[in-house]
Amino acid sequence: MSSVPVSAYLTLALILFCIGLYGALTKRNTVIVLISIELMLNAVNINLVAFSKFGMIPSITGQVFALFAIAVAAAEAAVGLAILIALYRNKKTVNIDEMNDLKS
Amino acid sequence: MDVDTLLSFEWGAMAPEFIILGVATILSIVDLFAPKHLDRKIFGWIGFAGILLALASLINLVGLEPISILYDTFRLDGFAKAFKILLLIGAALVMLLALSYKPKEGMEEYKGEFYYLLLAGLLGAMMMASSGDLITLFVGLELLSLSSYILAGIRKKHLPSNESAMKYVVNGGIATAFTLFGMSYVYGLTGTTNLIEMTNVLPTLANAQYIYILGIAFFMIFVGLSFKLATAPFHMWAPDVYQGAPTPVTAFLSVVSKTAGFVILIRILLTVFGNAFAGNSGVAKMTNFLVGMQDYIAVLAAATMIIGNVVALRQRNIKRMFAYSSIAHAGYLLVAVTAMSSFMYDALWFYLGAYLFMNVGAFAVIQLLTQHTDNEDIGAFAGLYKRAPWLALAMGVFILSLAGIPGTAGFIGKLNIFIGALASDPAHYVLASIMIATTVISYFYYFGILTQMFFRPAAAEEADGGKIRMPIGLGVALVICVVATIVFGLFPNIALDFFHTNFEGFSDFLQ
Amino acid sequence: MENAWIIPLFPLISFLFLLLFGRRLKENSGYVGMVLTFLSLIYSLVVLFDRFNHPTYKAEATWLAIGDVQLTAGFEVNQLNALMLVIVSLVSFLVHTYSKGYMHGDDRFHIFYAYLGLFTFAMLGLVVSPNLLQTYIFWELVGVGSFLLIGFYFYKEEAKAAAKKAFIMTRIGDVGLLIGMILLFWQVGSFEYDAIFLAVEEGAISAGIITLTAILIFIGAVGKSGQFPLHTWLPDAMEGPTPVSALIHAATMVAAGVYLVAALFPLFTASETALMTVAVVGGFTAIFAASIGLVQTDIKRVLAYSTVSQLGYMMLALGSAGYVAGVFHLMTHAFFKALLFLAAGSVIHAVHTQNIEEMGGLWKKLRLTGPLFLIGTLAISGVPLLSGFFSKDEILIAAWANGNPVLFWLAVIAAFFTAFYMFRLFFMVFTGQARSEMKNVHESPKVMTVPMIVLGVLAVVAGYFNTPWFGTFLGDWLVEGNEALGHGHTEGPIWIMIVATLVSLLGIFLAWLMYGKKSLERDWLSSRMPTTYNMLYNKYYLDEFYALSVVKTTKGVSVLLSYIEAFVVEGIVKGVAGIVHGLGKTGSKIQSGQVQAYGTVAFVGLAVLVVVYVLAGGYLK
Amino acid sequence: MSFLSILVFSPLLGILVLALLPKTQESLIKLVGFLATLPALVLALIAFGTEDLTKYDVVKEWIHFGSDASLYAIDYELGLNGFSLILIVLTAIVSTLAAIASIHIKKEWKGYFMLFLLLEIGMLGVFAAQNLVLFFIFFEITMIPMFFLIGKWGYFEKEKGAYSYLIYNGLGSAILLIVIMVLFARTGTANISDLAQLMAVEDANTPSPISESLKMGLAIALLIAFGVKLPIFPLHTWMLRVHVQAPPSVVMIHSGILLKIGAFGLIRFGFGIFPEQFKSLALLLAILGVVNLLYGAFLAFIQTDFKMVLAYSSISHMGIVLIGLGALNEAGIQGAIFQVVSHGLISALLFFLVGVFYERFQTSTIANLGGMAKGMPLASGFLLAGALASLGLPGMSGFVSEFMAFLGLFEVHPVVAAIGCIGIIMTAVYLLRAVLGMTYGKAGREFAGITDIKSVEFVPVLVLLALIVLIGVYPSVLSEPLQATLETIMLGLGG
């Protein structure tokens, strides 16, 4: 198990993060954007867990941190969706690129 | 952990947080069960009282030695106290604004949430101020963020409000992800999330690669946090959100949230990165990691100041304009951060304080003028001097202070930053010059408002509907802000001495 | 002599007093002015006689301290000053009196007298100044007095133009004087005349500097004394009331230039070149102005050009080291030229025109003015036994003695011209048949004629103070105790006197043929050489030339600069502002409202930072 | 409350009283506004009469940054020397007269006079301040009221004028602020005399001493900063707009006093703190001076609006200040100082008269005012007198300063000076053109119902004329109190 070097996990996390970022910045549908953000946060969690197991100085706090991160991410998703619904009520769309009334 | 260890902690150190938490909880529960027809305004007053109470208890704590409880996750050192005072005052003033905020539609039924979400956000900010651990920092940050997301969108029927909230959430999420990702690397390098422990581990980082990773982590965290500060490159959400959000929320974002951002920034910079070395060989081994980063921060600061002030020139919407202005001010503050001179702390603290008063004051006036008619065009100020001389004078004071004219707190704050930037070695002549130059540019739009208020005749509908009646809460806030702006402008040492005597320049920052 | 300083004060008082209360006094202001100038006349005479048997007196006090240098102000009474005092105060007094009649009925009567007071004050102050600085100060004040009086009829466009012209032309000269005296100051360390002369004697100043400063100062004199090429203002100055012309533009102020050169004579004698310049300019001006005077038809302009040419004479004299000659002629000229102007004034007063073509046959009508005018004419033409004869003679001798035949013959020709055009004037005005419309012409009142009589007497006798026959008393006295000024009287060959006499008589005869007896056609010469005639008539087109060259260039430069102002200076500013606003525009363009764009920007920012960091850190190496 | 503080802040009393008065009481407000300027005048004159000025010095703890109370302290310190005292007296006099001139103000007298008095406080403070930061604070305090006075009570393009005033001066003071801050931050003190000593000492043991090159940079920055105020070509365009757009009473103050702050700063700080550097800049100063002199003169020559003529003539006359400074000798510097005072009086006089004419004819265009001497002989006479004073007629203050400035420059750079002398001629040319154009010649209009200068309007004219002549005839009245200051300056310049 420990044969898998930490760098592998990190790379995975990085890739995941980038995918998330890409999604967040390109998808038109706001729901997908929110999901992409979740992806980014989860990439972080992989990092944390990986570090807490295979890091130079392994410690449990990493996993604790991960737990907090998950919780917060959930909350954030919830809030995000709630707001999206409110917006949908008024604007009848979930396309993020149509939310451009506010600009100079 | 068992009960007596739990009891062994000096919970008194958390008194202010507990008060806020308590009030918030109570309000939320009462809001649930209280009859619909009950005017939720009373909640606001309760919340206000709670904040004052928290402030009192905090003042009461000021004298104490630094306390650290919950296994160093919660610290009450000079730094925490000093900035919590600002946060509380800011929140109190914002609460006063919120109390007298009456937009045309889409607000009334959520008044209750409004108030305790405000408190929740404040709580998060306070946690950030005195957390000694990345986790608590992060949690505090998120608490603040989440509640401000909702606050921004609290006018459910008001499309701009929704949109601004949405934008805020999306950007905020990305920012959070950046920050967190950076933090995860830091954790990976140090194997701990506790800031104090990190300070012991980081200096031992030998491997150059690790230091590079640390650098990358630094940038991710910095960019992530620059979302909260509304500084380049993560500033662009600010104008839209500020414009769409209800005015009190805008004030909250530009004052409390920004302050919190700087608090966490300083915490992390000085505890985590301030103790690493720029390299593992030769000179780099001697030089502090942050010294290596100064140039990058300087560039960001310069960019922020220029963007903020230059783009503000073209704004007609008053709230947008103030969004850019607050971006610019964040830039000024970054100058102090860049310099990292012995003046950094008091410069930051004083300037944030001054900015708090003048900006909340300005937003108070804006709210008063714009809430009836949702007309937020700068023209709304036309002929204000004729319609309400005192209001115009008050706004004049705030504007002058924001522009950094002598006799106001804003000037002293800028002075303090300059001294820091120029006294440090190497002195940042260029940065200081950019700061002053952009200040002059800012005259254009600041004095544009003055021109509207004092030179231009009032537009027809304002002219006849001229009488502006001043709600009590707002009036109080205005008076406080005006007085503070002028007093701290003429006798800044009232504040500065208080700072130096009570917080010893944060000498206790690291133990 | 110790309190000679009050002499200038009387007119000053008159000036201030009339300025404040003149309105109430109306025409009585005349008496104020007369009385006060009379006082200074009396006192000047006292001083003069005092000076005969006392040495030069000088008193000074600190005026302004610059570091350890003390600039002083005070007064000095030497021969020249004493003499000038008398001349000035005398003529001034007479003019004051004369004007009582001449200006009668003018509603700004008191202003006129106030200005006269100011001028007299300045002129008297000028002649008692012991140092260059003070001289310069009064020099300018004199200019202002003249400026105000020329522009007295301010509502006349010509008067306005003339006043402006006078002021600016003289100022050009004054700047020369200013530079000259400042340069001298840094050489000598003082403005005091004696200090300067001392330094010159000791050879403390390099020859080059002496020449330079001397010439610069002379430029000042050129401006004031209407020497070529700065003379054009003087004829125009005739727009002023005639008494003013008599006082300022004949007797006193225009002589100030001559006075200045005389006062600084030791400086000039120290430099051959400087003296030569003076002589040449003087000589040329003499002939130049005389030639113009030949064809002018405005009585006052003729006199004006004759003044210019006479001043040229004086300069020539001084330039030829004829100190006495110059000063002497200055005195005599003061008298007869003042006389001529007052007489002319009396004529104009009677016939209300200045054009001599419209006059004629006034001899019988103006029983008093006619003879007086004749005396003046004879005097200026250098007819023997009148003052002009002696002084002009002195000048010719000096010019000859100085060994410069060209200048000498120029002077002689000028003398011929003078005689001719003066008598041309006389015959056209007084002889011939009277114009029809001049029936009710009658002599001027006593208050005007009496001064003329006085001057007439002086114009005759003034010459006898310094003659080869009855002793050169004046000359000896002037130069006594200061050999730098040359001798009181230089013996010249007798033929010069004869030539001079013949020439002037010839001129008179010719004038008589053409205008008196009319046996010779008026245009017998002018018709033969029309171009020359036109050239003379238009004063060599000098005014037009200036208008084309100097004025045009000035305007051109100004316009050019205004373009620079508009396009370069303002342009840069606009450019900067444009850049700033442009930045703002792009900034707000990027602010597209697309939330994802914002995130992208942030990400790009991050990426750039990291890349730069990595590269800068040489991590990839 | 010490003497100087009272002197500086005495107008505050007026502001408070005005704040209580009702808006509508026009005449009363005007009276109060006028009276409020008197205390400062009286006190200034008292100070002028005293021998030992050091007794007026005030030092009070005020602000200090950082934890160390001794370092980075900005004290509230006022003081006087011969030069600043003269300017304070000038300020007091001109302010009082401008207050009288304000009778021509048409609207909102209350706000006007409050700002006016605030402006006076700023000006008095600028000259009395003993440390740079304090100086800067007062300097900015003058800026804000001016912005409003121009922008609210000015003429057609008032807001444009107000803005260009604001931005140019903002830039100027920004540069000034950088200089001040560098000095303050590197040396830890802002006190002028301390700084002068620190700069003089070779190895000043300051927190972080200032390198020679930096000193030079600061000196140049200072030149630019005050060059905007003076103004020096090509930084002058703002000042034209102000002269044209602002109400005459304000321009009296502006061109009478505010422009002089530039000269004051150059002499006090430039020569005071960076003598060596300014020594090497001397020739540049002289040349700039000549450029100003000629540039202003030539442009004034083709202006059609009398205000513009005066504006350019101000530029031209400020050139003489620079010429004097460029000379670097007693004569020159004294000349410069004299010019500062003399131009203050003369331009105040001329702009007051402009106000008088504008009041009656609603125009200041030369062509429209032709032949005015017929209708308003007295006013025209005064105008002529003012013009003569301005073109440096001996016996009036203009001559003394001009003369000394050139006297000074001729010692060191005779050629430059000689070129400058063209300016003397041009001055006469454009002033006579303008003034004669307005007063002499055929009357272009009817003067029915036009009253000549009258009653209270006489006061400023006569006072100013009297002062102009006094200085012209007896210059020692200024040079006596100046000697001490001059000596210190010359000492700094090394002889």
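Before moving on, here are some points about what is shown:
So that you can tell them apart, the chains are marked A, B, C and D in the order they are listed, and the count of residues begins at 1 in each.
The working rule: contacts are C-beta pairs under 8 Å (C-beta built on N, C-alpha and C of every residue); 3 or more make two chains touch, one makes a residue touch a chain.
In this text the structure is predicted, and so the values were computed from the model without any measurement.
Looking at B-D and C-D, the interface holding more C-beta pairs in contact is that of C-D. Chain B and chain D have centres, each the mean of its CA atoms, that are 43 Å apart. Chain C and chain D have centres, each the mean of its CA atoms, that are 37 Å apart. Per-chain Cα centroids separate chain A from chain C by 97 Å. Mean C-alpha position of chain A lies 65 Å from that of chain D. Residues of chain B in contact with at least two other chains: 166-167, 170, 174, 239-240, 311, 314-315. Looking at chain D, no residue sits in touch with two or more other chains.
Looking at chain A, residues 21, 24-25, 33, 96, 99, 101-104 sit in touch with two or more other chains. By the document's touch criterion, interfaces exist between A-B, A-C, B-C, B-D, C-D. Residue ranges on chain D touching chain B, taken from their complex, read 62-67, 72, 133, 136-137, 140-141, 143-144, 147-148, 151-152, 158-159, 162-163, 166-167, 170-171, 174-175, 177-178, 181-182, 184-186, 207-208. Chain B contributes residues 166-167, 170-171, 174-175, 178, 208-209, 212, 215-216, 219-220, 223, 226-227, 232-234, 236-237, 239-240, 296, 306-307, 310-315, 441 to its touches with chain C in the complex. Put simply, chain B touches chain A in their complex at residues 134-135, 138-139, 142, 145-146, 149-150, 153, 156-157, 159-160, 162-167, 169-170, 172-174, 176-177, 180-181, 183-185, 187-194, 201, 239-240, 243-244, 311, 314-315, 317, 320.
In the complex of the two chains, the chain C residues touching chain A come out as 588, 591-596, 599-600, 603.
Residue ranges of chain C in contact with chain D, taken from their complex: 62-67, 69, 133, 136-138, 140-141, 144, 151, 154-155, 157, 159-160, 163-164, 167-168, 171-172, 175, 178-179, 182-183, 185-186, 554-555, 557-559, 561-562, 565, 568-570, 572-573.
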